[in-house]
Amino acid sequence: MSDIGLILSIGVIVVGLLWLTIRSLTGREVERRIIFLFIGISVAIPLLFNITVSEKATPIVKGIYDKVENLPSGSKILISFDYGPSMAPEVEPMSDAFLRHALAKGHKVFIMGLWATGQSLGAAAVDKIVKPEFPDKVDGVDYINIGYKAGNQGVLNVIITDFRKMYATDVNGVDLDSVEIFENIRSLKDMDLILCVGGGFPGIKEWVLFAADPGNIPLAGGSAAVATPLLYPYYPKQLIGLLGGIKGAAEYESEMKKNYPRFADMPTPGLNMMGPQTLAHMVVMAFIVIGNLSFFFAKRRKK
Amino acid sequence: MLSYLKPSQVISIFLFLFIILFSFASLAISQDTETIEEIIADSVNIFIPTTATDVVAVDHVYDCGEAVDVSWTLSTDDEKIGEYKILRAGEGSPDFVQVGVVLPGNFSFIDKSVESGQSYIYKIAAVYNGNAVESEPSNIVIPDTEPVNWNLLNLFLIGLLIAGAVIYLISHAKSGKKLFIRKIAGLEAIDEAIGRATEMGRPILFIPGINDMDDVQTIAGITLLGRVAKVVADYDIKINMPVARSLVMTTARETIREAYIGAGRPDAYSDDMVRYITDEQFGYVAAVDGIMVREKPATCFYLGAFFAESLILAETGNSIGAIQIAGTAMPAQLPFFVAACDYTLIGEELIAASDYLSGEPRQLGSLKGQDVGKLLAMIALIIGVLSITIADAWGVDFFVWLSDKMDAMFTIQN
Amino acid sequence: MKRQVPVLITFIVGTVLILSVFFPPAERLGEDFSIFFDIIAVFAFFLGGGNLLRIHFGKVYQKREDWGFSIVTLCGFAIMMMAGLFKLWNPGGIAADVAAPGSLFQLMYDWIFNPLGASMYSLLAFYVASASYRAFRAKNIDATILLIAAFVILLGRTPLGMYVTSWVPESFSILQIPNLAIWIMVSPNLAGQRAIMIGIALGVVSMSLRLILGVERTYLGVDNE
């Protein structure tokens, strides 16, 4: 039944696009609302019919995976949740994957956010992933959420020399001096790896400029697709690797599934979203072709 | 008794007994084997690797006494051991605490958890299967503050050269010599765009980006607002400026108020021209989109720092038929503005806009200073690319030396 | 005086921040100035919130056009602020984390704020499609090159790109669409971006110097003399 539904839905898109193509031969333009409708359908169909595709990690993604994998167990990894709920569907799969991988490898995880919204998202990640999947991990020993502080890159300017100047307690109000995980931690320079997940300001660029470069700290991250081109100049010298958009998340997830039997059944929002992305890209390409056809035929008519 | 049995039955019984005995024997042997394996494993467990040697601790240079560099000679069993633990104690204290771990093959570590002026001593423990073998202690080290970071000398010199050129040309421009500045279409179109709003009797929308006043792009946007507000005050057009940051709100109000005072119409100014919406990126976008659709401004300015919201704003502006002028120094957002806006100020054009529009000699001089920086960057790029290409392809000594020097010149050391 | 004090503050803070990069003992001063900015920014939240309330109360009071929307804004503001300040329904009480699971604040965050934000962000997919439809026209040679590059990137960002060109032998793997897409991003695209970034960096240096030296004062609402 679902196969018939799928074939019918894709058939509707194809027929619709063909009709628009024929229409474009008369030089007529397509209205914005029709484009919106087709994009909506092309995103919805793979989600409704659960179409997934396989992925293989590219070197820029593998770089991060290998770094987390090769650090000795117990290394200190800071994950910065620098995004809001709006960007979450695209970048949350990245922070989820980083968190799972770091904990599975036995690293100590420090969660923080340069965005006010990052604090809640970090707490939600702890509830969603750490507590049910890693019940043996203890708050304050294996992981900690120190939350958000206002000041954007100014926060980095301070914590690169002293965490306690900015953060006195974690999000639960527990004094940082009394938690085991913060013993021997004074500044960002004590981290073995920083993973920033974001796509706006402040984000990975600020982490490069104000933390990783001046502090000589290994940095990697995941970014929303629209902001990713801006970050390529920093790879591979200042960024160990970069997850670009949902495809980057999907590649990281596939690498985890391949190497960790415990993650065989983990939720893979990144891989799940590659279906809609593939179909939507094809529809966008079809509209570019239609746009060019109507442009040429309109020009010919004018002549 | 055997005579009561048929030969085939006797053979079957013997065969059965043989199989049973063979199975027991095999089991016994395998248990013996396990025991032997355990013995071998035990013998491996008590394998003791050689220690790391020559542990040296030195103060990390050019900092505020916040780090110590520890280095050592690898254990001769380096390939067998699991990790090296870095242990530290205060001078005279027998208690060594672990301050770091590195994988085999690594022979240095930077301890960043020290305090300036305190004395420390280090040991390296080579660990194999939980057994740690500690090295001899290192020398005593006292982390100290160095007044100048000589590692950044190259950065200082480059900065000095560019800043010097800018300052020199600012002061030189005061002499009144006319400077040639190329036309920037987006800036030339500002008056035209404001004129259109006047003709249509519809408001102007000004978006200074979503960053705070600590971003140069926001300051550039606000300086342009000063110019726009002057014309707006002269022609008595409505300006609407929703902002995402409180500090931008107060600054923008001040800027517009001054423009109205300058135009001799202070009474026409209202604080409501600039209003705070929210710091949240997409909450702000939703509000601005709503304002656009309801008020249908004739002209939209997007001048400042933009992120993913750039396309949403510009496409909504496009759909209401507004004339749109955008400018940002966020390279990733430029394609979206180019696709959806009528004019786009690309990167430095936004930052230079205020100088360009002012026509004031000192400001134009600073633009010339910027060009000197560009010239230096171009020369460095050409020399760098040529030297590394020739060095790699033909290994000419001079170019190998030159490419090394260029690399050192443009690498920031910490 | 009103003009000179801000210029003086800009000069002192700007100079100290530059010096703190090269002189380690001045690092602390640089940090302190960053903290000052944070403190001022936090207090500015009150200004923003006050302005929001004033404008929307005024709109409702005077029953101006679309005043109904202002009621929604005011209610949203008040409920979220109350939930956060008084930690309503917070299982841990007033001393617990504001975003504790089960608290009204967190519930509203998860079930209202989150989906609304995600919906706004998802508009990008629609707008990218309509902008691509209008922008990628083969009007001349340059535009055609741009159009071809767009096609390669769009295909390369999906598994389809690999399926379509998987027959290309490994020795010519650069011609496989995903690899071609990566090449476009990290070579021609990156070269262009770097040129723009160098220009921006120099522009920022020049602008910063003008601000520090007080040559640029338009942002203070002052005409440059």
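For reference, chains read A, B and C in written order, and residue numbers begin at 1 within each chain.
Criterion: a contact is a pair of C-beta atoms (placed from the backbone, for glycine too) under 8 Å apart; a residue touches a chain by one contact, two chains touch by 3 or more.
Here the structure is a predicted model, which means the values were calculated and not measured.
Visitor: By the document's touch definition, which label belongs to this structure's chain graph: line, ring, star, complete, or other?
Guide: Drawn as a graph, the chains make a fully connected set, so complete.
Visitor: Between chain pairs A-B and A-C, which one is joined by a greater number of C-beta pairs in contact?
Guide: Pair with the higher count of C-beta contacts: A-C.
Visitor: If you average the CA atoms of chain A and of chain C, how many Å lie between those two points?
Guide: Chain centroid spacing, chain A to chain C, equals 16 Å.
Visitor: At which residue positions does chain C touch at least two other chains?
Guide: 27-28, 37, 41, 116-117, 120-121, 124, 128, 130, 132, 134, 193, 197 - these are the residues of chain C that touch more than one other chain.
Visitor: Residues of chain A that contact two or more other chains, please.
Guide: Counting only residues that touch two or more other chains, chain A contributes 32, 84, 86-87, 154, 161, 226, 229-230.
Visitor: Among the residues of chain B, which are close enough to touch at least two other chains?
Guide: Those would be 64, 212, 214, 279-280, 282, 308, 311, 331, 336.
Visitor: Mind pulling up the chain B residues that touch chain C in the complex?
Guide: Touch list, chain B to chain C: 62-64, 145-149, 152, 155-156, 159, 162-163, 166-167, 170, 212, 214, 216, 219-220, 222-223, 226-227, 245-247, 249-251, 254-259, 262, 271-272, 275-280, 282-283, 285-286, 290, 294, 308, 311-312, 315, 329, 331, 334, 336, 338-340, 346-348, 350-352, 354-355, 358, 360, 362-363, 366-367, 369-370, 373-374, 377.
Visitor: Applying the document's contact rule, which stretches of chain A touch chain B when the two form their complex?
Guide: Residue positions touching the partner: 32, 70, 72, 74-75, 84, 86-87, 116-117, 152-154, 161, 184-187, 189-190, 199-201, 213-216, 224, 226-230.
Visitor: With touch defined as at the start, can you tell me which chain B residues reach chain A in the complex?
Guide: 64, 66-67, 83, 97, 99, 101-103, 110, 112-113, 210-212, 214-215, 279-282, 305, 307-308, 311, 319, 330-333, 336, 412, 414
Visitor: Across the complex, what residues on chain C touch chain A?
Guide: Listed in rising order, the residues of chain C that touch chain A are 27-28, 30-31, 34-35, 37-38, 41-42, 95-97, 99-101, 106, 109-110, 113-118, 120-122, 124-126, 128-130, 132-134, 136-139, 147, 150-151, 154-155, 157-160, 178, 182, 185-186, 189-190, 193-194, 197.
Visitor: Within the complex, which stretch of chain C touches chain B?
Guide: 18, 21-25, 27-28, 37, 40-41, 44-49, 51-52, 55, 66, 69, 116-117, 120-121, 123-124, 127-128, 130-132, 134-135, 193, 196-200, 202-211, 213, 215-216, 218-224
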